[in-house]
Amino acid sequence: MTEPAPIDALGSAASTQRPAEASDDGPTSGRRRPTARSSRLAGLVYLRQRLTMYLIVAFASVLVNFILPRFMPGDPATQMIRDITNRTGAPPSGYQTRMIKARYGDPERPVLLQFWDYISRLVQGDLGQSSQYYPIPVTELIGRALPWTLYLAIVSTILGWMIGTYLGARLGWRPGRRLDAILTPVSMFFSSIPAFWLGLLIVWYLAYSNGWFPNQGAYNNSLEIDFSDPDFYLSALYHGALPLVTLIIVGFARWLFSMRNMMITTVNEDYVQLARAKGLPENRIRNRYAARNALLPNFTGLAQSMGGALTAVILAETVFIYPGIGSLLTGAQAARDYPVMQGVMLMVIFASLLFNFIADSVYVLLDPRTREVT
Amino acid sequence: MTLTTVPKNLETESEIIERLENSSTLLDVRGLCVDYVTEAGNIRACDDINLTLKRGEILGVAGESASGKSTLLNALGRLQRMPAATSAGEIRFHPTDGTESLDLAALTEDELRPYRWTKISVVMQSAMASLNPVIRLGEQFTDVIRTHDPRLTQEQARDQAADLLTMVGISADRLTAFPFQLSGGMQQRALIALSLACDPDLVLMDEPTTAVDVVMQRQILDQVLAAQERLGFAVVFVTHDLSLLLEISDRIAIMYGGKIVEIGTAARLHDSAKHPYTRALRRAFPPLSEPVRRLSGISGSPPDLLDLPPGCAFAPRCESAMAICHQRVPELRDVPDGRSACFLSNGELSESELTQQLPATSNPGPSSRPAEGGDHQ
Amino acid sequence: MLTRFLLIGKVQIGLAIIGLFTLTAILGPWFSRNVLEMTPQQVDYLHLNGGPPDSTHWLGTTSQGQDVLSWMLYGTRTSMLVGFASAVIGTFLTIVIGAWAGFAGGLIDRFLNGTILVFGNFPTFALLFIVAAAFQNANWVLVSIVIGGIEWAGGARQIRAQTMSLRGRDFTTALRTVGESRARIILVEVMPHLLGVISPMFLGLIAAGVNQQAALAFLGIGNPSEPSWGLMINWAMTQNALFRGLWWWFIPPGLALCLIGFATTMVNFGLDEITNPTLSSKRMKLMRIFLRDKARPASPTRQKEMATR
């Protein structure tokens, strides 16, 4: 029923847990007992393949970003120049006009030349200027918002991962017990809640109805952003608490499931049975023999999930009116501010690909079968 | 291919019997039943197993796939995984250090832990699957050594591990290797070395040589026998390869359909097997040391444990089957030099009952029996 | 395989939930018009500031005096339409590309497999967002096409692998030597073997489609004249339902999304139990019962054993 995945010593379930691509061309597939030399090469070859793949994806998303406005109804470039003129009281300079047209379509210039302009600006880190806050560069807006989003995304993902993985290891060690019978269905339901809706419930109940938490912002607005001020940190923690809790509740369950199922499979492996036969203390069998191996797929999943986590954060930020890129994005969407929308989305895509690549590297590092040299 | 026979067989049958009679009991299994719990119903994979193992004895257990031999082994070592569970019976273990005997089947996991590996260790079929792929070989030795003897330092444990590896012909510097860096034969030998780490009274071996080639198989067997002779542990050796057991075992138990159908000394099973199934197995696996002859498989397929025939489980495939074989389950009874569960030989039926049964069969059962029994004498 | 899949309790619960919503999507608007005698656009001037559930408005009214139940019934239709349409499109692409790549082999396979990998590595929602946002007031058909056009890669990998293994089997080789056309072999001979893979995939795509549409609508992308669950939550939020405490406005659509998500989780768990029997909760339960029943008669001897030691 499942694909004929390579059965490596991690057990068959590794293939179901490892992200799809990796089971096809993962570093260990097809090589049951690689020599040290070839295994080291296998790891590098694998990483090079993955990198090529991500570069193609990155290029494809740039291409999509370039092509889309040219298919949009109406003429977005003219529209945008009009928007900017209305907002600032003066039309943008000739150079600016040319750049806008290069980005969003210029009937008078060959498409390839426009693409060249577009790409060369992009490579220099120029995402254009916001039409909504003209002439603030998109990169500056993203730069202001990104730290908050990364804070939410990274902290919530790591905490959710730790909670889920720990619980999953506990449940999978003794599946079918009472704790498992309660926690697994409960987290099944948690994992089905859309983050933005749970955020809405939490904000409504804890912020609006009871006033225990602030209903918007990332820190108390009467404070300056001052990294030497402990009050600033406290305020940021206080304001970030609800979004974090929301994201953790929605996010921990998937780690719980994958760890639980991986653990159940691993516990049935011969090497865990042998550890049991050896009479080792139970917690050593669980932690060193079973969980250590069951953890591998969850570990790579962690970095791999960061892209998805960014999406959840973007949606949740909207609810909590949190000044990250999610709020930036919804604001831009309402004002039809294409440069910002495109810039944010390109950024999200690049970040996801970067995290994916980190995940692949971590996998190569964690599994001695792809790394060890003797 | 010619292979030398193992020195073990220099001991004559009577010497083996005498040695076994003089040594005290190590393991006494009474009425052991193991079930597989499935949605379709419980499958009894081991049914009312009774056997006795003496100190230092090598007991072979043979049978086709699904005969319950590996299930039995796992039950003895309390290593069942879901969905197998021991449902009845007693596994009385008499430690060689003279401490009081105990019922392995009744102990909790915590009570059992101190006896694991120090008294009973296992060698599993696939070394590659049994060694943890992400833990270095050395640690997989030292952790068990130090768990059972916490007084040892890490260095002392490591020295012991090095000795064990050297004993099976693996250089001690492989301790830092990960299992995947060893060849298949080396992994299997490392696993055997590991099983001896805490000087056990009993080593359970589940087809330890199936996954390696014939030459390596011979080498591993020789090492096991040499180690056994030196350290004196008992062995329960499970395999489908009867001829291999005939060479190395003191006694052999034959399993079919979850039951032991015959048990006896290797020489007796070799020369005058009482149960038709044993004889059929003999013909399917000729010893390597014998001249080439035509092989015959066993017609039919192993029984469906969910739907066993009412009588003897082997009756549908048995060429000597009588009417009663399809109606009543024969008991495993004492016969000279062992036990058998076949009406033709176990003495359950009186002489007159037996002659009454015989004409009812279409097969010329009685005439073929002595002929086959005397086949190799 | 398919029947075993359908016999698992978790799968049945999941299917029942999806079935119930499908039924609501079909009959809901009719019920709203003819039984409740209301449409989402209709304004009740007696409840202009939003009222809690009562006998006329079973789920209360919005801040504009519109009936929440009526919104839910019409919204279910849009949400489920997007779910089904995107699942049909996605499954179609999945099968065509996956089976084609798996069956063709060679250069075609390398190209298609590359495409599958590229699409599989896209952060789906980001791509979805840019594409959908580019079209102003995109209607449900467009949203479905975009979702379906992006969500097919994961399934295509599975189908490709399955087809590759089927291609090597005797019966397909035999058919090819007889001279059957490739399309016919794929459709008539191979497809039935893949049903067990395709059906849970289709269910998963429905839920994914519903959720993606909700997320888009929540961010304000889509046609505001098409009531949907996501749009309800978006309007509730932008029109200060939180501040005013109009919880009956935003709780029902969210619950519906939860149930759809829950249904897929159930189906996936059921699927895991088939492919990996050690995960079967039924077995775990049987085992527990067996051990418990066994433990009872055995306990007197156990105690004796403990006493002698």
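Per-chain residue numbering starts at 1, and chain names A, B and C are given in the order in which the chains are listed.
Everything below uses one rule, namely that a residue touches a chain if its C-beta (ideal position, glycine included) is under 8 Å from a C-beta of that chain, and two chains touch if they have at least 3 such contacts.
All values reported here derive from a predicted model rather than from experimental measurement.
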{"item": "Which of B-C and A-B has more C-beta pairs touching across its chains", "value": "A-B"}
{"item": "Chain of greatest Cα-centre distance to subunit C", "value": "B"}
{"item": "Chain centre separation in whole Å, for subunit C relative to subunit A (CA means)", "value": "22"}
{"item": "Averaged-CA centre spacing for the pair subunit B and subunit A, given as whole angstrom", "value": "54"}
{"item": "Residues of subunit C touching at least two other chains", "value": "278, 284, 287"}
{"item": "Sites on subunit A at which at least two other chains make contact", "value": "268"}
{"item": "For subunit B, residues contacting two or more additional chains", "value": "82"}
{"item": "Complex interface listing, subunit C residues touching subunit A", "value": "1, 114, 117-118, 120-123, 125-127, 129-131, 133-136, 154, 157-158, 161-162, 165, 196-197, 211, 214-215, 218-221, 233, 236-237, 242-243, 245, 247, 250-251, 253-254, 257-262, 264-266, 269, 272, 274-276, 278-279, 281, 284-285, 287-288"}
{"item": "Touch list for subunit A against partner subunit C, complex", "value": "1-4, 12-13, 16, 20-21, 24, 53-54, 56-57, 60-61, 64-65, 68-69, 71-73, 175-176, 188-189, 191-194, 196-198, 200-201, 203-204, 208-209, 215, 257, 261, 264-265, 268, 307-308, 310-311, 315, 318-319, 329-330, 333-334, 336, 341-342, 345, 348-349, 352-353, 356"}
{"item": "Touch list for subunit B against partner subunit C, complex", "value": "35, 37-39, 42, 82-83, 85, 87-88, 100, 102-103, 106"}
{"item": "In the complex with subunit B, residue positions of subunit C that touch it", "value": "278, 280, 282-284, 286-287, 290-291, 294, 298, 301-302, 305, 308-309"}
{"item": "Touching residues (chain side subunit B, partner subunit A) in the complex", "value": "77, 79, 81-82, 109, 112-118, 121-122, 124, 126, 128-135, 143-144, 147-148, 176-178, 180-181, 183-184"}
